[in-house]
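One chain, chain A, links the two complexes that follow: it is found with chain B in the first and with chain C in the second.
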Partner chain A sequence: MIVETDGMTETLERTRVSGQSRAEVIREICRHLAPFQTGERPITGDTVIAKDLTIDSLAIMDMVMELEDHFDISIPMNVVAEIHTVDQLADTIQKLCARR
Partner chain B sequence: MGLFDRYEGLLEAYRDVRTTGYDPFQIRMERVLSPTEAIINGRKTLLVGTNNYFGLTFDPSCMEAAIEAIRAEGTGTTGSRIANGSYTEHVALEQEIAEFYGKKHCMVFTTGYQANLGLISTLAGEGDQLLIDADSHASIYDACKMTQAEVVRFKHNDPSSLEARLRRLGDRPGNRVVVLEGIYSMLGDSAPLREFIDVCKKYGAYVIVDEAHSLGALGDNGRGLCESAGVLDDCHFIVGTFSKTLGAIGGYCVSNDPDFDILRVTVRSYMFTASLPPSIVASVRQALKVVKAKPELRTQLWSNVATLYEGLAAKGFKLGPEHGPVVGVHLPDRMIAIGFWRAMLDAGIYVNVAVPPATPNGVSLLRCSVCAVHTKEQLEHMVEVMTGIARQFGVLEDRTLRVVGGAH
Partner chain C sequence: MKVLPTRNSTLALQRAGFACVPAMLDYAAKGETGVTFYNAKGEQLSALAWREIRERAQVVARKMIGAGFAPGERLLITADTWPGFFDAFFGAQYAGLLPVPVSIPVGIGGKDAYLDQLRRQFAASGAVAAVGLDDLAGYLADAAQEFPAVRLHGGMDVLYSLPEKPVDLRPLGADDLCYIQFSSGSTRNPHGVQITQRALMANLAGMVGPSGLGVVEGDRAVSWLPLYHDMGLIGFLMAPLSTQISIDYLTPRDFARRPMQWLNLIARNRGTISYSPSFGYDLAVRRGAAQVPADLDLACWRHAGIGGDMVRADVLERFAATFEPFGFNRKAFIPSYGMAEVCLAITFCPHDTGVRTDAVDRTALAEAQRAVPAADPGDDHKSRRFVICGRVLPGHRLEVRDSEGRVLPDRAVGRIFVSGPSIMPGYFGEPEASREVLSDGWLDTGDLGYMLDGEIVVTGRAKDLIIVNGRNVWPQDIEWAVEAKRVVKNGDAAAFSIDTGEGERVVVAVLARVSGDEARVTLARDVAGAVREAIAVDCDVALVPPTLGLPTTSSGKLSRARTKANYLAGLYAPKPAAA
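Moving on, here comes the complex of A and B:
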């Protein structure tokens, strides 16, 4: 985890992020969703965020804001509304990162 | 699937709430005695949750004006502003509000909710970008559902979070419209408006500021945060309500935009609902005069805020970040908040209880709103009562760990 915020590290971080693999995107999403996991069932690409986890709609929007800043993209609210699964969220993030 | 199945979770939460005995969403004011007292459950109760910041609901001059207007023009207009519902007085009220702000134009709506809903969804249209604070009021969120624009949230009161989102838009076409509030209704905190305005200027974004809770309270003339932050000229649209400081109902928007009047034939929440009744227009016009003539109400309000905020803080309550006409008291969870609220009501004090999903970051709050005509004694009494209840619930700062931890 890079914590320094001087210019150099920021640039490095950015490069790392745009070249990020799907696995890394999923890992970042899961890191945010972990606190909302129920029981023993692991969070996978098929996990339906609003249904299989104990996260409410406001917390989903707050998580999206964190992901936006991590990947330096913006995900409009109407796009968020169409996202149901972890895979779909990862697709959106990858698509927006590619367009950046 | 039944019609209400999708509300299963909410129904469950609501059932929890009702197990405390009273339903906070169905409290009845059996008789309102004054801006600060009412009979609730047969008992005389101190009101500290009414948004009635200047206590003008019982101002004799406002009441007289309303009564006179009813005698002269009847009880209602029975029509919208674009049909038979524009009276000379509606137009006069618009001129007076525009003058109050030193702006060229004003439009009056039937509620503040409708002002935000219609204005925001109309100003930001297809191809535009609407940027809203994460803690925005429901009326702003609902406007986002109606707009054709792309909507992005930024972190509450965080100009750098807004800047990041404006920067990411790059040179994409479309207007950028940013919505802010003067004072936020849950925790009573104000926006860092100057910093926000600097960011908006840098990226050429339009700014809408909702002064619902700051009208009267902030600024040398009570115009709100735009005035106290010295950025009146940089705010393209200022929205507000008559339902709080002005003690009635209704909403407004002021602006210097030369094409402002086009909104009168495009904003549907203005066009397709009946206009304010004459009595309301009259009492609001008078209330505005009172706000101008009695700056001491503002002084009194802030002195009362200090009494309540500092009183509670000294006892160890966890409060909103700064003094404000709304004092938000944090409690550990929904059930404690509801229980605390009910204990206060039993002790003769009414405040609002706010629990998720209606609150930011899932917090549970007692939302106290201070009134200029509360007496110091009333507020000191409230601090004492709340401290007693807090001891029973074990929620004061120094005890949080032991008692609340044990209850989990």
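Moving on, here comes the complex of A and C:
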């Protein structure tokens, strides 16, 4: 029995509820973003998608579309308009997967 | 779900000639045709016969009248392609209110720019209510905060939940305005074109008549064009309504994601009329060609219209070559020309001729503003091809004038002026801006072109024209030269000139999709080289971070004026020293 609640159990808990592990969501996002990485800075949760990478708006739209298809969700346009970072995108996807 | 019929069973097709929008809908509502909404997977979302659209609109109208909205007040509507837009737009028509369709936000992190745009549109239109998609209710609330005149805002429920009172409808009539159209090129300082019922009816009569598309029984429209744009709203809502035909819709977003769905929908529902700017045909080739279903049959498509931007022959040729094996008829292309200030359309090419081009001598064009037939049309260095855009609609006039206002003969390039019953009375609440473009019943289109046997050939925007050492250079030529060399992708270059005090200097701003100093230097050198080779002018190259993008107008066209402003403001990286 797990007594302490550390970050890992929280993550696992979320995984179980949503049916999508955060690791998998992040992996899928990074798979799309990797070609647009610049310099030595790795893509992390804090990466601001439209600023830190060389990705243009059409490629962003493609990515969002493919992520929606992959996870079988639809991200509302107002939510998309407020996403800046990889973490925010992952949060959104996990939330929508949980509601599915 | 069943597909709405293409033909009405008993109602005779009346081709325009109505007094106003409510009269058009009253008549169409007697048949079974209507509009159907599809998603990116090609699945039917909902269908509304014109009869249902009218019934729902009248309920909404009684609610708005009952809530105390006064005749002529403005209702801002986020013009996504969904039934709510129809309820709000036609509801306003029956309530005597003026709809103000506005765009919807796109992309990641676009919230702030969208809110700015909404505020400018609230200010320019003086709207007293704003409705839209539920998802956008929060944005409408945010933007409306600064405008105490806005008495009602939110998702469509804010209209639906008003009590329906037993009031008389107040339909807009022949002498009234119809709606306010934010015109292209007006993102920063939006001008709302006043679309009057009378001008709209005149323009529709031309558009659907024999000199336009010649709509006949059996026609069916298919559209992904945004309803906040004149080509979407007038061309693919008002025009089909004025002829009681059915329309199948995709949202612009879904088209951009799945361009093939546009063609699938035409093939599946046997659509006959569909339009796009050149870039839509380009997108269908570039992103759709890999997933063409083997049984795609586009033989039904009799009018493939092109408008909304400079018509690009090369793009259309690629589209025809790709889809001819699937029944597409290249003679179905109908280049046309227009602007929101004339409602929508002013010239159409004749039917069944396809894209016709005129190849002219580059030197004479640049140095003498004369469109002299090219000696060797195949030589891209010496000749330049323009698409012929057809004759002016009946009852209208079109003139090409020089800077002194004299009407020019064939093949002399000048400013295009138009007059006739489709012309706007002016921009909403902006008498000065209106006076700048309207005089003695003539509209200064701001476009340049020349006449050829009674047809217009559009060569570019007057305000974008670059003059280097007395030579006229069209920015499109520079951009296309860079794109043709595959130095950058289509749409990734913007050319303009800056005044150096000793003359004009050409600047080409390109999206730099490369990293590392070396690659950037190479890119800048290649761009300058391509321009020198094709146009024989020297240019400075500004590398624009792809994340910043090139600025576009509210209708998605490249805004060279804003690119220039950004460049002068120092927003773009200076060119690498070695370039």
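To be clear about the criterion, the second predicted complex is superposed on the first by the 82 of 100 C-alpha atoms of A that agree within 3 Å, B and C clash if a C-alpha of one lies under 4 Å from a C-alpha of the other, contacts with A are read in each partner's own complex, and residues count from 1 in each chain.
Convention: contacts are C-beta pairs under 8 Å (C-beta built on N, C-alpha and C of every residue); 3 or more make two chains touch, one makes a residue touch a chain.
Here the structure is a predicted model, which means the values were calculated and not measured.
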Would chain B and chain C fit next to each other on chain A once aligned, or clash? clash
Chain A: partner with more touched residues, chain B or chain C: C
Quick one: is A:50 in contact with chain B, with chain C, with both, or with neither? Answer first, second, both or neither. second
Looking at A:42 after the superposition, I want to know if it touches chain B, chain C, both of them or none. Which is it: first, second, both, neither? neither
Return first, second, both or neither, reflecting whether A:61 touches chain B, chain C, both chains, or no partner chain. both
Should A:77 be classified as contacting the first partner (chain B), the second (chain C), both, or neither? both
Let me check the overlay on chain A: which residues of chain A are in contact with chain B and also with chain C? 56-58, 61-62, 65, 76-78
Quick one: in the complex, what on chain B touches chain A? 134, 144, 150-155, 161, 164-165, 168-169, 356-357, 360-362
Quick one: which bits of chain A touch chain B in the complex? Just the residue numbers, please. 56-59, 61-62, 65, 68-69, 72-78, 100
Complex contacts: residues of chain A adjacent to chain C: 38-39, 49-51, 53-58, 60-62, 64-65, 76-84, 89
Residues on chain C engaged by chain A in the complex (per definition of touch): 40, 104-111, 114, 133, 135-136, 138-139, 253, 256-257, 511, 513-515, 545-547, 549
